[in-house]
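Chain IDs A, B, C and D follow the sequence of writing; residue 1 opens each chain.
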Amino acid sequence: MKAAIAGASGYAGGEILRLLLSHPEIEIGAVTAGSNAGTLLGAHQPHLAPLADRTLLETTAETLGGHDLVFLALPHGQSAAVAEQLGQDTLVVDCGADFRLTDPAAWEHFYGGAHAGSWPYGLPELPGRREELRATRRIAVPGCYPTAVTLAMFPAFAAGLAEPDVVVVAASGTSGAGKSLKPNLLGSEVMGSVGAYGVGGVHRHTPEMEQNLSPLAGAPVKVSFTPLLAPMSRGILATCTAPAKPGVTAALLREAYQAATKDEPFLRLLPEGQWPTTSMTLGANTAALQVTLDERAGRVVAVVAIDNLTKGTAGGAIQSANLALGLSEELGLPLNGVAP
Amino acid sequence: MKAAIAGASGYAGGEILRLLLSHPEIEIGAVTAGSNAGTLLGAHQPHLAPLADRTLLETTAETLGGHDLVFLALPHGQSAAVAEQLGQDTLVVDCGADFRLTDPAAWEHFYGGAHAGSWPYGLPELPGRREELRATRRIAVPGCYPTAVTLAMFPAFAAGLAEPDVVVVAASGTSGAGKSLKPNLLGSEVMGSVGAYGVGGVHRHTPEMEQNLSPLAGAPVKVSFTPLLAPMSRGILATCTAPAKPGVTAALLREAYQAATKDEPFLRLLPEGQWPTTSMTLGANTAALQVTLDERAGRVVAVVAIDNLTKGTAGGAIQSANLALGLSEELGLPLNGVAP
Amino acid sequence: MKAAIAGASGYAGGEILRLLLSHPEIEIGAVTAGSNAGTLLGAHQPHLAPLADRTLLETTAETLGGHDLVFLALPHGQSAAVAEQLGQDTLVVDCGADFRLTDPAAWEHFYGGAHAGSWPYGLPELPGRREELRATRRIAVPGCYPTAVTLAMFPAFAAGLAEPDVVVVAASGTSGAGKSLKPNLLGSEVMGSVGAYGVGGVHRHTPEMEQNLSPLAGAPVKVSFTPLLAPMSRGILATCTAPAKPGVTAALLREAYQAATKDEPFLRLLPEGQWPTTSMTLGANTAALQVTLDERAGRVVAVVAIDNLTKGTAGGAIQSANLALGLSEELGLPLNGVAP
Amino acid sequence: MKAAIAGASGYAGGEILRLLLSHPEIEIGAVTAGSNAGTLLGAHQPHLAPLADRTLLETTAETLGGHDLVFLALPHGQSAAVAEQLGQDTLVVDCGADFRLTDPAAWEHFYGGAHAGSWPYGLPELPGRREELRATRRIAVPGCYPTAVTLAMFPAFAAGLAEPDVVVVAASGTSGAGKSLKPNLLGSEVMGSVGAYGVGGVHRHTPEMEQNLSPLAGAPVKVSFTPLLAPMSRGILATCTAPAKPGVTAALLREAYQAATKDEPFLRLLPEGQWPTTSMTLGANTAALQVTLDERAGRVVAVVAIDNLTKGTAGGAIQSANLALGLSEELGLPLNGVAP
């Protein structure tokens, strides 16, 4: 099978290419870009040695046509127009936000403008999603923060152990912000410094977390989300807490997380006492999880580490694409990280 | 006035020396160490050029005697024995935890062993503390995390705007762990990675935060605290949230924080919309603060950045010492950070 | 085929395991350690999710026996004794320095003690080495710096374009120093700082560089080598210069480097104008090269980036082992880096 | 005395302001900018708490007029026009390159365009410069790399111990490139990576090094210079080597460096065996030096660490300004670094 990648000069596009280079069933077809069209891929993704001589094409229906699947790694708001031009038989995997939210009101509140609709949500670990993904030609890849937070908290809600009132503080590497040329993303600014941004319930990933967790909680889940920018290129470390339901014990929590993760190839519940670090998952499609009960504060505390570009974007995209293509879900996806 | 520094080869001791080098009223006397006694300071603190040729002495009553003030930057549990040997006229400023907690039960629960008692608490910004510090010869310097969290949340509690149920996630630079030779503190492990540790209500700084905030809240404050290790040498960025009391607005919050900070030389409430980064305060004795209301989640969200070694340890120690010595509180303490 | 790895809890051992997890023909057998024997691999290499439950065995003839190949990632000086106990049919790949140098005098000058002898040198790109490696059961894996410097300079010497008087300054990530618990390797010390060490012709990798380049130069090559410790976990960036021979032009240099690299799967001469960064090769077995002529100074300047743990140690080891095992040289070795 | 700072929103301008905040004799007057004029300084230099509310003015003769001294931290090529409009009594300190080179041919070769002339060169440590600086109203602040390299090598040349054929490899933090919005300066690109740039004798700082060293060598010094970009915000670590003259010993070298540095307040020759790291000098106006003889290679090897923004730009500027203003050269300039 042959895949086109739109947005191949950016970080998400680069990671899709990196993973596809090791994918036994998917061949890399057209690589396209916006303003970088016409230049060599090697100028933008110098780490992808085997693809350095590829020329970036314009992102058009023609260049993307004729592929079995198309990955869209475009700025928010551009996917709908491109997707419309691709045949219904083509598997379209959108790494943007355009089709993630089901609630038009949430879309308008957080993104503004008209809601483009929603596509099957590419988080196979969420109960019920796998079947949906196996039958679709359109996939909305989750946001990186929602991936992390959902994986950290779904076992607690699925087992009825937490109140629907979640506080999340998540530190992300700078690649989560893309290759945008903004002063606050300069190396001189981010090295040696952690900062908060998008504070106070305004980050666009918030409703997506609530959308994922509410059905499992059987009640509207409220998320207070604070993202941090950390001095690293990759990785998300999310600390998620919610009040424990009465009678919850640390043992009950561990059981629930073991049950929810034991058959999941990419979820890794760490041994008791070991806590996630983002380096554990660098370049891997795994999520490293740990959970405990803070007895004094009466709260469930779950911590998760993912690579925002791999499990949080490109790896998650390929995992869902594998399902939609009838392949083994794990194909081409690394389980181990690159460390130290 | 002449100061001795015990523990001068460690990070806290080094920062005390760095600040005292610019202090117009305090001269550096004896510098002492444990296993490093007998070696030159320049081997351990090569950035302190003017002191490089000083020899580290043993930490004894003799070497520390004859000084107007003594800073103790010792491993936890060693301060009491040393302090006993110093005259009651000597100002003793303890950067360890030994005398911070007033509640013996909290001490035993978190630290184990016998409670050594408590000394006046060196956080002048806390209502009522300044007077106490002006009259003492013994000062317990707050922990770095409690300094950050208390400064972030005291205005909300003092103004009655938050419920006493706080969730804190705080990212710290590695110098907070001292110069301990542990594998997880190696550069290879920490660079490019954020990790959680001490999760689930077990970190020793938790009861100190509760001790500081409860009197202002007029009720026992419960803190769920998760510390993170971030890939930077210095700095703490703490995100602190608590449910807002009914009727609280963003404007009320801002007013409360303005009122609480406007006369404080080292508290800096940022302009609306600007959020703290640790680089703002690197090497400075300032705390950069911002607060907002998350209306959807109904929570107060306060974020603070400090330098864990400066305002969080050595700077805070000198600030309190200035008061006890009858000097201007601001003497010798930098207001601006070193950035980028 | 089945491989044992001795020294599996260290950085070199961990990287061998990471690469073998993707190797289609080599299965991971015993994993052994020194003082960490008896503990779980997951405690030391938490990024290697699929191997987390493996128990580290003692490093003995028994635990290492019964494998087709054995990788030794031991402290210098320990390999000879272990290797003696392994059968002559077992392929032994030593990542230590013990068998790299052919000249006993150089060994004694730089390492001290008795010279253990030399084994076929595992740098297949060096003219003539491939054949030797195909026929051996003993391989000495090159040092990380010599790998970088040799790959950067061999084309110039093989083509007779440079004088045998080389100046090298090479910046390495901290993993090159291993997991040693030394104060100067703490994250607090290395982050935000570059420093020099082993200056003045005393670094042990110096004679190895000279040994590799002299035969190609047809004269004794003199190397002035200064290593730097850089604030990153992985990677070596080596700048290598030598006086250009009379009549050398930039075009001649480029031709020589193109000729020397065009059939080498792991050598990548960058397009003119693009210079290596270590991120290009992070986690990859590739060396990124560039060369130019400094006309004003009359010097050849070659710059190379490798990952010290991959091409510089574990990847190079597997590349040579592939040859010795009669496999395709490229098997299981990533060509692309993990970036950003 | 009152100083205006043009270019106050950039990194060099910010560092001048940081240092002037502690200067006992210079008051901060107008702060001006280019495209950032009209905004608050706190938006660009959030670490400068005491100046956060200052408004950036346009850079004009009017805003800069009426000050005793004016610091120009402008893009190359803009200083001459501004300086012309300032009275001859005003001390003008130019941090740009415009007036550094005395040789018009070198200017044209490396910078292009017309040569603006040269001003007294602000490196007081160079023999003979102090007197010149005491008598001038115009100062050309040296480039950051030339400062480092000149300080590392002048003692060797002044004592006649080295041949005039220097190889320099210098790693710089990213602030040396300014706040330019270029993709290669993004945090995602620079963290975890060292790269070379400006290789092959093309970096503009090369002729400045030669200009400084040649008079001391009594012969034209040829410099082969390779700059590296390192993953840190601040600091330069320069490794400088040249062939030793016949008969030179390590002891002779040390004597020469001791003689050259012993009366210099900002030059710090480290004890034998200790090598510079940039963290030693972070935020300080000091240069940390070490030198040795590589006997095998017959080369002098000198290593120097400076903070590119402090001794390498703003601190050097103030040091020279102090001289021109008749003040103590050391006024307001920190001797100790901020570490860890």
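What to note about this one:
Just so we're on the same page, a contact is a pair of C-beta atoms (placed from the backbone, for glycine too) under 8 Å apart; a residue touches a chain by one contact, two chains touch by 3 or more.
None of these values were measured; they are calculated from a predicted model.
Counted as hops between touching chains, the shortest connection from subunit A to subunit D is 1. Look at the CA centroids: the one farthest from the centroid of subunit C belongs to B. Averaged C-alpha coordinates put the centre of subunit A at 35 Å from the centre of subunit C. Subunit C has its Cα centroid 44 Å from the Cα centroid of subunit B.
Within subunit C, contacts with two or more other chains are made by residues 11, 175, 186, 188-189, 191-192, 231-234, 277, 279, 282, 339-340. Across the complex, subunit D meets subunit B through its residues 11, 14, 18, 21-22, 40, 42-43, 45-52, 175, 191-192, 233-234, 268, 270-271, 274, 277, 279-284, 286, 288, 334-340. Subunit D contributes residues 165, 167, 169, 171, 186, 188-189, 191-197, 199-201, 206, 222-224, 226, 228-235, 237, 239, 241, 275-279, 282, 290, 292-299, 301, 303, 305, 339-340 to its touches with subunit C in the complex. The touching residues of subunit C, when paired with subunit B in their complex, are 11, 173-175, 179, 181-183, 185-192, 231-233.
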